[in-house]
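Two complexes come next, and they have one chain in common, subunit A, joined by subunit B in the first and subunit C in the second.
Presenting the complex of A and B:
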C-alpha cells in the first residue's frame, strides 16, 4: 500500500469531509435548479390511521391528473404533533402540507407556523361547506375567547378540513328509539344493561380519550372548561354535575375497566354486540362499527347528534383534521392547488368512495350515499347545530392533560367528581396564569 | 489514553532542547488525530445537547436568564412527586424481580444445561425480547391486558380461574403490576445473559476444589460464584436504573399514565411537560435533575458493590 504523508492525509481527509458535507447542499441546489418552476412532488405530514387512509388512496388520481406526486409521510397521533412543532420551530421545509387535528390550530396559529390560505392563495368560503369548518381553520378564532397575545392579530384562514369529524352519538336502533336527552341515555343504559352487555360505554383512558369523551357531556350540562374571559369553570356546579353524571350515574351501567377504554375498545365492544350506546367519532363508524368484515351489528346501530342536556343543548365536539401549508414550505402555491383539488365536489365524492369523511353539505345530504354511509345525516345535523370546539388556546395540550388525568381518576373511582374537578381547575389555573392569561 | 501512548513505540523525532514544554511526539499526535473523530462525535451528540439542556433549564422561552426558577417550579409541582413515586415503585418491582429471575435462570442453565446446542438455543431465545421494539411490546401487551378483549382475561375465564374480568389496567396497583410485567418480560433476559456470561468466567478449579471439600450448591454460589458476579450486578443495576428512568413506550400504550397518575413515570411526565405543556424550561430542569439523581445513585451503587474483584 502506498504510504502518504501526514500533510497529504489531512488534505485528503479535509477534501473528503467537505465533499460529504456539501453533498446534500449540492443535491438541494440541483433540485432547485430543475424544480423551481415546476413542482414534481409534494410531501404531506399525515396522521397514521383511519384519518389519512382515504387520502392515501386518492393522491394517485392527483398525480395522474397533474403529474405531481403526493408523498404521504405518516406519524402516530402524538408523534405527528411533536414532529410538527419541532419542524415549525426550525422553519424546516421538509413538508409542503401537514394534517392537523383542530385543537392544534391555536398552537400553530400562535407560533405563526402556517401560510395564510386566504390572502396568499385566494381561498374563499364556499356556501356548500359549513361555516364552522372555515371557522375552525381560522386564527385567531372568529368567535369565543381569544388568547391575550393574539387579540391584535388579523384573522386568516390557515387550514381546510379534509376529515369532517364531529363527535356524535350511537345507539342500538334495533332495541329502542333515539334518546332525546342525556336523561333518556341514562334510562336506556339502565334498561338494557345486562350481563356481558354494557348499557353505556365510557371512553375513559387517561388524557385525550376521556377528555374527548366527556366534553360534550360537560357542555350539554352547562359546564365548561373556561368562560369567555378565560376563567376556569371546571369546578362550577354545572361542571361537577356533568362529571358526576358520567362517572357515577352512567358508570354504574358502563363496561368494567372503563378507565382504560380507548376508541378501539369502544368500537370493538359495539361491533361485537356487547354494548348499547356511546359517543362516537365518524372514523370509528367507517373503520369498525359499519365494516361488515368485522362488525356483527351493521345495520343495527343508528347515529344522531349529541343528545340534549339540562342546558337545553346537545353540543357535539369538533375533531376535524385540517390540511395546512407550513411556513417553511417552498411549494406553497402547488400545495394550495392540491387542497383546492381535494375540495372539488367530484374529487370529494371519490374521496368518500375510498372511506373519506366529507365536509360538503351536498354530499352529506345526498340520499344516494346514505345507505353506504348511515352517519352522514347525523354528521350534517351536527355541523348545522354548530358543534363546540375545544378552547382555542395554545395551552390546550396542558389543559387537556390536566383535565384528562383528573377525569380518568374520577372514572377509575380514585377521586370524587368534585375532587377531580377541583384538582384539574387548580392545575389549569396555574398553567394559564403562567402563560399570561387572566387568572 | 496515557496507557495507549505508553505502549506505542518510542518516538523517533528529536526533542527540542532547552524548552520547558515537551512537544508531542509523532505517535502522540497520531493517537490524538485518530481519537479526534470519536471525541468530536461525543462532543456533538452528548456534550452540546447537555450544555443546551442546562442552558434551557435556567432560561425562559424568550432566552432571558431566570436562575433556578425552572427548578423551583419543577420541584414545587405535585405531579413531579407523583411521577417520582410511580417511578420508585416501578423500580422496586422490576429491578429485584429481574435480577432474581435472571440470576435463577443463569444458575440453572449454567449448572443443569451442558449441551452446547441447547445453550445456544436458550441464548437466541433470550436475545429475542431484547431486540423487539418497545412499541411492539407495548401493543402486544395491550392485546394481553386490554379490557374487553384482553387475552389474559379470556384465558383465565376459559379455564375457570376467574369468573369476571380482572381490571389489569384500570386498578392502580394492578396497572402498575401490568406495566412492570412487560418490563420484566423484556429485560430479565438481559440480566440472564450478563450473569450467565459472568458464570463462565468462574475458574473450574475453584468450583471442583469446593465440591471435593463438600460444598453445597448454596455455599458454592455464596463463596465462589457470587464473588465473580458482583461487578456484573453493578453493571446490571446501573444499566437497568438508567433504563427505568427512560421507560416510556409500553407505559404510554398500556395505560397512558393512568389510572389518574398511578403509572405516570418520570419519562412520561417529562414528555408531557415538554410536548403537552410546552414548558421547555421546566422539562429541561427535570431532565437535569434526573441526570443528577442517576449520578448520585450510580455513585451509591458503586460504593456498595466495588468493581474490583481482588
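Presenting the complex of A and C:
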C-alpha cells in the first residue's frame, strides 16, 4: 500500500470533507435552477384538525385548474407554532405558505418572518370581507396599542384569514330561549343543571384553553389584560369580578374536573347531550356538534354572539386562522395566487360545502347556506360587532402562559380569583418590563 | 387391617402455606399480566371502533368492528409515506451503527491495543449514551442547517447512528470478545489476510450478536421522536411518530386513528422482536459471565 505524508493526508481529508458537505448544497442549487421557472408544488404548513380539513378537500380543485399541487403538511397546534418559529429563524424554504393562529401574528410580524402581501403581491381590501379580517393580518396593528419596538415600522398586510374563527356562544335551544346576558347564562345554568347534565361547560385546561375560554367573559365584564398603554389590568376590580363569575358562580354548575377540560371534551359533552351551554369556536361546531355522524343534538343547539356582561357589551374573541407566505419561500408569487384563489367567492362556496368556515359577508348572510350552517348568522353578527383580538404583542405566548396558568388554578379552586389575578398580573408585569414595555 | 393414617397437622399446614403462596403468586402475576396486557387490548379494541361509536357509551368490545381507522391513517392521512420513511431511516441507522460499531470494537477486542486506549474508547462511547438528547438538539439543528440536510432523512440517520453507537459498541464488544482469537489466527496461518479472516471467520460467528444489536438499535430508532420532530418539516422525511402526534387536534382527539397508529407503530418492532428473539436473548446475556 502506498504511504502518504501527513500533509497529503490532511489535504485529502479536507478536500473530501469539503466535497461531502457541499454536495447537498449543489443538489439544492440544481433544484433551484429548475424550480424557478415553473412551480409545480406548493407546500403549506397547517394545523391539523377541523381548521385545515376543508382546505385539504379543495386543493385538488386548485391542481385541476392550475396544474399546481398543494401539499398540506399538518402539525398539532403547539407543534405548528414551534415548527414555524424554527423554520423562520432558519429562513428555511420548506414551506411556501403557513397557517397561523391570529395571536401568532405579533411574533411573526416582529420577527419579520413573512412576505408583505400588499406591497409584494398587490393584495387590496375587498368590501365583502370584514375590515377586522384585514386588520388582524396587518402588522403593526392598525388600532390598539403597538409594541414599543414596532411603532416606527410601516404597516403591511402579512396574512389573510381562511378560517373565520370568532368565539361565540352555544346553548340548547330545545330547552330555552337565548340568553341575553351573562346573568341569564348563570340563571339557565342553575335551572338546567342536573345529574349527568352540566349547566355550563368550562374549558378550563391550563394556558391557551382556559385563556381563550375566559377572555370574552373578562372583556364583557369590563376587565382586560392590558390598557392602551400596556399597563396590566388583570388585577383590576372588573377583571377579578369576571374571574369570580366564571370560577365560582358558573363553576357551581359546571362539569366535574373542569380544570382538565379542553375543547375536545367540551364538544363531546355537548354532542352527546350532557351539557346545556358553553362558549364555542366554529371549528367545534362543524367538526362535532353539528356533525350528524357523531352528534345526538344536531338541530337542538343554537349559536349566538357572546352575551352581554355588566359593561353592556358582549365581546367575542378573534381566533382567525390566516395564510401567510414565509420570507424563506422561493415560490412567493405562486403562493399569493393560491391565497387569491381561496378568496374567490365561488371557491369559498365550495370550501364551505366541504365544512370550511368562511369570511365573506355575502356567504355568511346567504340564506340557503345559513340554513345548512346554523352558526353563520351568529358568526356574521360577531364579525359586525368587531370582536376583540388578543393583545398584539410578541410577548403574548409568555403572557398567556402566566394568565392561563393562574386561571387554571382558579378553576381548580387552588387559588381565589383575586390571588390568581394578582399572581398573573405580577408575572406579566415582570415579563413586559423585561421586554421593554412601559408596564 | 391397617388403620388409616391421618395427615399430621404440621404437614397439612405446610401444604396450605404452599397453596396460599401459589395463589398469591398466580394472583400477582395475573395482576401484572392484566396491567401489561389491558392497555394493549384497549389500544387494539379502540383501533377497531368507528368515530360514531367513540361518541357513544364506552364499551369493552367494539360493537361494529371496522378497519376504517387503519385505512384512514395509512391512506387518507398518507401515513404510509411516514411508515416507509421510518423503515428506511431505521434500517440505514442499523447499517451505519453496526458498521461503525464494528470498526471501533474490532481493534479493541482483536488487536493488541494499549489498555488505556481501550478503556478510553469504551468510556467515550458510554459518555455519548449519557448525553440527554434535549441538551444537544439545538446545536444539532444548527449543524444540520449548515450542512443543508434539514428535512432530509440523512440528518436523522446520522444522529440516530450517533446516539445508538454506544449501545452497539458495548454489545458488540461482548460478542467479539467471546470469539476465540485462535480461530482468526488459524485463518491467518492458512494464508488469509486480516480482511478475509474478519469476513469469513469472525462475521459468521458474530452474526447472532449483530442480529441482536441490529434489532435493539432498530427498535430504539423506531420510537425516537424529538429529533424527528425538530429536524424534519414535510412528509418527505418525517417519520411515523411525528405523524401520530398530529392526531391530537385542538378541538378533537382522534382516538381510533391514534389507536390504529399505535398498533401499526407497535407491530413492526414486535414482529422484529419475535423473529430475532433467540438472538436477542443471546445478545443480552453474552459476556455477562466472563469479562475479557
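Rule of thumb we're sticking to: the second predicted complex is superposed on the first by the 414 of 439 C-alpha atoms of A that agree within 3 Å, B and C clash if a C-alpha of one lies under 4 Å from a C-alpha of the other, contacts with A are read in each partner's own complex, and residues count from 1 in each chain.
Just so we're on the same page, a contact is a pair of C-beta atoms (placed from the backbone, for glycine too) under 8 Å apart; a residue touches a chain by one contact, two chains touch by 3 or more.
Quick caveat, the model's predicted, so the values are computed rather than measured.
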| item | value |
| --- | --- |
| First (subunit B), second (subunit C), both or neither touched by A:43 | second |
| Subunit B versus subunit C as contact partner of A:206, first or second or both or neither | first |
| Partner chain in contact with A:237 - subunit B first, subunit C second, else both or neither | neither |
| Touched partner set for A:415, first subunit B, second subunit C, both or neither | first |
| Touched partner set for A:397, first subunit B, second subunit C, both or neither | first |
| Touching partner for A:194 - first (subunit B), second (subunit C), both, neither | neither |
| First (subunit B), second (subunit C), both or neither touched by A:257 | first |
| First, second, both or neither for A:345, with subunit B first and subunit C second | neither |
| Touching partner for A:372 - first (subunit B), second (subunit C), both, neither | neither |
| Doubly contacted subunit A residues - partners subunit C and subunit B | 268 |
| Residues on subunit B engaged by subunit A in the complex (per definition of touch) | 79, 146-149, 164-165, 167-172, 175, 252, 255-262, 264, 272, 275-279 |
| Complex contact set, residues of subunit A against subunit C | 21, 24-25, 28, 43, 45, 47-51, 71, 73-77, 79, 83, 86-87, 90, 92, 94-95, 263-264, 267-268, 271-272, 281, 283-284, 287-288, 293-296 |
| Of subunit C, residues touching subunit A in the complex | 51-52, 54-56, 141, 145, 147-152, 229-230, 233-235, 245-253 |
| Residue numbers on subunit A that touch subunit B, as the complex places them | 78, 81-82, 85, 107, 205-207, 209, 255-261, 265, 268-269, 274, 394-395, 397-398, 400-401, 405-406, 408-409, 411-412, 414-415, 427, 431 |
